[in-house]
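You will see two complexes here that share chain A, one where it goes with chain B and one where it goes with chain C.
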Partner chain A sequence: MMRIELVKRPQRSALFSVLSPFIAFALTIIAGGIMFALLGVNPLDAFNIYFIQPVSEVWQLHELAIKAAPLILIAVGLSVCYKANIWNIGAEGQFIFGAIFGSIIPVLFPQFEGPLVIPLMLLLGMVGGAFYASIPAFLKTRFSTNEILTSLMLVYVAQLFLDWLVRGPWRDPQGHGFPQTIQFSDSATLPQLMPDAGRANWGFVFALVAAVAIWLMMSRMLKGFEVRVLGSSPRAGRFAGFGFNRMVFFSFLLSGALAGLAGISEVSGAIGQLQPVISPGYGFTAIIVAFLGRLNPLGIVAAGLVLALTYLGGEAVQSALGISDKVARVFQGMLLFFVLGCDTLIHYRIRLIGMALMKPDAAKLDAAPKLEEAR
Partner chain B sequence: MGGTVSANHDRSNLLEVRGLTKIFGTLTACDHIDLNIARGEIHALLGENGAGKSTLVKMLFGSLEPNSGEIFWDGKAVKITSPGVAKKLGIGMVFQHFSLFEALTAAENIALSLNDGSPISTIAAKARALSFSYGLPLDPDSLVGDLSVGERQRIEIIRCLLQTPQLIILDEPTSVLTPQEADKLFETLERLRAEGKSILYISHRLEEVKRICDSATVLRHGKVVGHCNPRQETAASLARMMVGSEVKAVERAPAEGIETAPALLEIRGLTRKPATPFAIPLKNINLTVRAGEVIGIAGVAGNGQGEFFESVSGEVPQQDAGSVRIRGKDAGALSITGRRLMGAAFVPEERLGHGAAPRMKLSENLLLSRHATDGKSFVGSGGMVKNSAVYNAAQRIITAMDVRKSAPDPEAAALSGGNLQKFIVGRELDRKPSVMIVNQPTWGVDAGAAARIRQALIELARSGSAVLVISQDLDELFELSDAIAVMHNGELSAPLPIAEATFEKIGLLMGGAEPGHAEHSLEMA
Partner chain C sequence: MDITVNILLTIATAATPLLIAAIGELVVERSGVLNLGVEGMMIMGAVGGFGAGYLTGSPWIGLLAAIIVGALFSLLFAVMTLSLATNQVATGLSLTLLGLGLSGMIGTSFVGQPGVRLPNLDIPGVSSIPVVGKLIFGQDPVFYISIALTAAVMWFLFRTRTGLTLRSIGDSHTSAHALGIKVIRYRYLAVIFGGACAGLAGGHLSLVYTPQWVENMSAGRGWIALALVVFASWRPWRVLAGAYIFGAVWIGQLHAQAFGIPVPSQFLSSLPYLATIVVLVLISRNKRLTMMNTPASLGQPFVPDR
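And now, the complex of A and B:
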């Protein structure tokens, strides 16, 4: 019998902290190659189709930017939450509510046109996401509920609410019964950056601006210091006079607003109307992006591009090789698994203990001092 | 330095340690340690914080593996690979920090560590018999949460004795006891010695080592600097061995004209309900600290000092705004930031995780308590932190307090306890606060750093500030204070002027004599 224990390392290796995402990516490729081989496909061909071909032409890079924009916007907000040790898992719901709030103008007031429409929609999108994020924040500060559960469960509420809206009150009367709203007018459509080269819209610019702004806040401003102190040592944070409840609201509202902005940008830029499903799980994939980017906004930009590629690659292998596009989810899952695994091994080392070598009573007695060490 | 103990030649040693060495990275925590413990002796292990005492003991108890060296038990070479092996050999240990579950009874806690399947009632009966025969009164059926610290320590000792050890290791056992409780413990130790058991007694309190120990091994910087008979040494000569140089005595000029000086900190009828089932409620606490004086608060740990500090610092504000007044203004409803802006400064008991964020640099930890009071110099427009100003201020404090460190701006966790405490105290002194409240200013701090911190607190008071020191260390309070009050079970006695205070008087108050303290005649005068 073997027992496996994780033993905390006295020092963290700075080198491997930097290398960790790359090692994780390499391990994902190896495991992915095995998966393709098991599916009966030559792994090299599959990788060519999955990772190389989707980014070999300019218009495809635009598609990459379209997929990366919401991932980066959401993940940058989530990184603030996670740095503060607050676990917002419900960005998908906040994304949807941002899309719904932002769509109020083009759906209910389609005759309102002009240059003010887009800024107002974006603002409403942020308000919607922040509003939806304030619910788990309120529940946590008022009733000490676990924000992981409440924010996650609210995702399903949001999805069903959107489904009801587009099948019921907001359905396009001329839409032949399809569950969708009217097409947004031109002035309610987020402009494309370079219409001649590809479809990428201003959402990608928002993502880059948000990443730089949050990076500045976290590394240079007192607010970022407050986030880091409360996240790493809450008691020291209280001693500093930083309020924990205020931080819960700040981080939820900020990440909610960014997720909402991503939602309305996606609907107004890439889709052009509300549908029952407007996201291929951006809100959840962004969690992977946040960790793959080491919770650093600039790292998140790179991680967002990588994860966006897994979406495009999934579509590509489906059309070229007939493999289900669920393979994208598998890649995303493996990437998160290996990132978390690498991070764990940076902080801990594995110790195998042969149980057979120890007398059973000695093993039992061992437990009491462990308690002491753990304190 | 003192000779070896000659009286022990005829006895065979129970434990012999030869050249035991433990290396952590570049630090040699224990460097070729030799140690002999005879049967039936109380052997003191002396040394400052960081001298290697804990590392040595952990190797003897099997929690750490030595890099080299030998251990002989009863004349035979042994390898102590785990605490289980140590217990099998007959080595028992009572830790400084207890590992007890507060919601379980004493007997249940003992049963958990024995883990041999015997029914609770049998264990309770054994524990009762043991506690009776060693003069350690304990009711095995009482809930740990209801017990005093001294009683909890008795559970740990009985738990250790139930395994019939030949060698008992006690780590700083009196640091949590009143003088009277410590006397009781010494009687028990003498009884164990009379039965032929050996005791390794770790302490930095020289008077008690002189009183009960037969021999002593002194460590400094991981090396044995001497074996001696503490009875033939003076406290001063032992201290010299531990520190390696003379420890400068703290000087306290007499405070003059205190009675007429303005009251800078007033606590009026401070009452607080317990926040958790095991927290101590504060009951109608009254205290005045005037400009120029140091008031000490003595008390056994866990009698409400933590709750009192939280309330006075504003980490937990009060309903009644008048219950805490700073410089003549109500502060009870203000947060800790509001109270700092009124001129108060605070040093909590825990250094890592409360007074400082462990994984943050010293300069960031400076910002921790001073981002509001020094907002103009540290934070620029738009909330941007002026990193160079903060860095320079941190360096100023490091120089002023002689903080020793390995890098220009290391993480707080990389500093030794004493050096971090010097930084945390220095961080507040640098502001020249008019009210300073310190909880356990020198807990676990080496003698040199402790003297420096104490001197700095006295100087702050004499320059016109009010200083309130909460401490479990009576020697420290007698060295620092102009008057000492005692906290017991959430109540605070009237302060005794230092001229009238004695260890006996304070010790009785710490044990709960004179409950109620209805009148506070001294401070009203």
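And now, the complex of A and C:
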């Protein structure tokens, strides 16, 4: 019988700050290998299909960018919330509302064309996401309602609302009864970056710009300092004159707007219309991306690419090996577990103690004479 | 009369999984641990229960498997948050995400398979008494477990010394530790109890409520259970009341859909989630009440100083 004991490090370990995501990734690979072996597949073959083949050609890298863009956009916003110790876990709903708001122009005013359409759609998308995120923020600041539960409940509501829209008022009358809106016109479609090479669109550029901008904000601006102070010590923040309620609104609106931007970019760039389901759980996977990137916007870019690969790999093993693409979800969940576990190494030294060494009697006998001496 | 009895019966069936999961989480939170993985443990219990029942043909083995799977799955959370002192919110979330993915993968081959159902209680002569017979003596076994569990937890928390110790840990783990109480050991047991309850709730879904396996069949019930604990201000009998109110909302919207009320079905389906938000707002408006009842060290990691 072994026992784990944590010993606080005098300061956070710089070495493990850098190493921990890599250790976590390595552990995920090992656990994933065991899982593939249990499923009766040679792990090396599976890894080849899962991690190597989906990114071996240029057009596939474009697909990777398409999947990574929403993950990075959402996760960068969430990282600000989480740094401030504010738990927005409803990004999936904000993503959907961004998509719905942004689609108002192409669906309700399809005759409106020109170069202004896309910027307006993107703006509306951000407004939609921010609006939906403002609900839990308002409830938290006004009634101190737990934002974790409200933001999550709103995800279900958003999914049902989108379902109603595309089956009801927004359904394409010429769509043969399929639950979807009309196909967006060319001027409502987010342009591709390099149409000759692959499908990647401007969404990926938005993601990179957002990551750099938030990184600048967090590391170089007063607002970023405010986020960090309020997150690590609300009391100290109050003394410094930083308002907690203002921070709740700021972080929710920011992350909501970015999730909304991700939503409209996905619909306008990758899908081309609204459907009952527009996201394979990007809003939840982005939580993993945020933690894997250690809540650092630049780390999040790398983490977003890794998690995008798990989606592509999941599709690849499904078609090549006949394993359920849920494998992707399992990989993502395991990765988050190992990341959180490895982060412990940054703040603590881990000691394994055998039970034999800590018999209480022995410890007492040892301590008693010392106590006597001290007196 | 028959319709009323039937509606009451379906409300009880809808409320039972909420009640069991929430009672489990209540004990966990009373010990000062916030486990947001209820949804994940519940869905793992559902798939484990269905699988074991389907493979062995015995719903009782299925129910047992659901409990064991839920408890084992919660152990993962316990090791992470209690032994490795990770962030409880993030770890709970990852437990839910992992559970949803893992259950989907395990359950691929169960989709569309006929399940087994736990038989309702049937006492000859007694269960056939009109109205009372069916309501009190003719429900599924898990219903009786849920009521007994609520009473037992109520007694344990407020009438036993161990329950008092558990609550003291939830209010101040440092003081409890200073008194020589094994904080981590208590919390391990509480988390595992919560996991077993969530697993049982999941087993009820796939062995009684709808005896089949559907992906994501917990449909947010784990999250509603978490909200119920807050709504009940950490008191078991209020959890019981809350679970039945939510069961009524859940069944009410289903009946409204069936009767063809001219409101889009999606709006009716979103009622339980909206009701959760409304109820949370109503209860947390009163800040003093919430402050008084919330276990003071809820969600804070504890690393014993030596």
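Points worth noting:
By definition in this document, the second predicted complex is superposed on the first by the 334 of 375 C-alpha atoms of A that agree within 3 Å, B and C clash if a C-alpha of one lies under 4 Å from a C-alpha of the other, contacts with A are read in each partner's own complex, and residues count from 1 in each chain.
Going forward, contacts are C-beta pairs under 8 Å (C-beta built on N, C-alpha and C of every residue); 3 or more make two chains touch, one makes a residue touch a chain.
Bear in mind the structure is a predicted one, so any value in this text is a computation, not a measurement.
Taking chain B and chain C in turn and counting the residues of chain A each one touches, the greater count comes from C. By the document's definition of touching, of the two partners only chain B reaches A:R235; chain C does not. When both complexes are overlaid on chain A, the residue A:L27 reaches neither chain B nor chain C.
For chain C in complex with chain A, the touching residues are 36, 76, 80, 83-87, 89-91, 93-94, 97-102, 104-105, 108, 219-220, 223, 226-227, 230, 264, 266-267, 269-270, 273-274, 276-277, 280-281, 284-285, 287, 290, 303, 306. Contact residues of chain A toward chain B in the complex are 10-11, 220-223, 225, 228-229, 232-233, 235-241, 243, 358-359, 361-369, 371-373, 375.
The touching residues of chain B, when paired with chain A in their complex, are 24-25, 61, 63, 82-85, 87-88, 93, 95, 97, 99, 112-113, 115-116, 313, 315, 335-337, 340, 346, 348, 350, 353-360, 364, 367-369, 371-372, 379, 382-385, 387. For chain A in complex with chain C, the residues that touch the partner chain are 4-6, 8, 82, 87, 89, 139, 143-146, 148-150, 152-154, 156-157, 160-161, 163-164, 167-168, 284, 287-288, 291, 323-324, 326-330, 332-334, 336-337, 340-341, 343-344, 348, 350.
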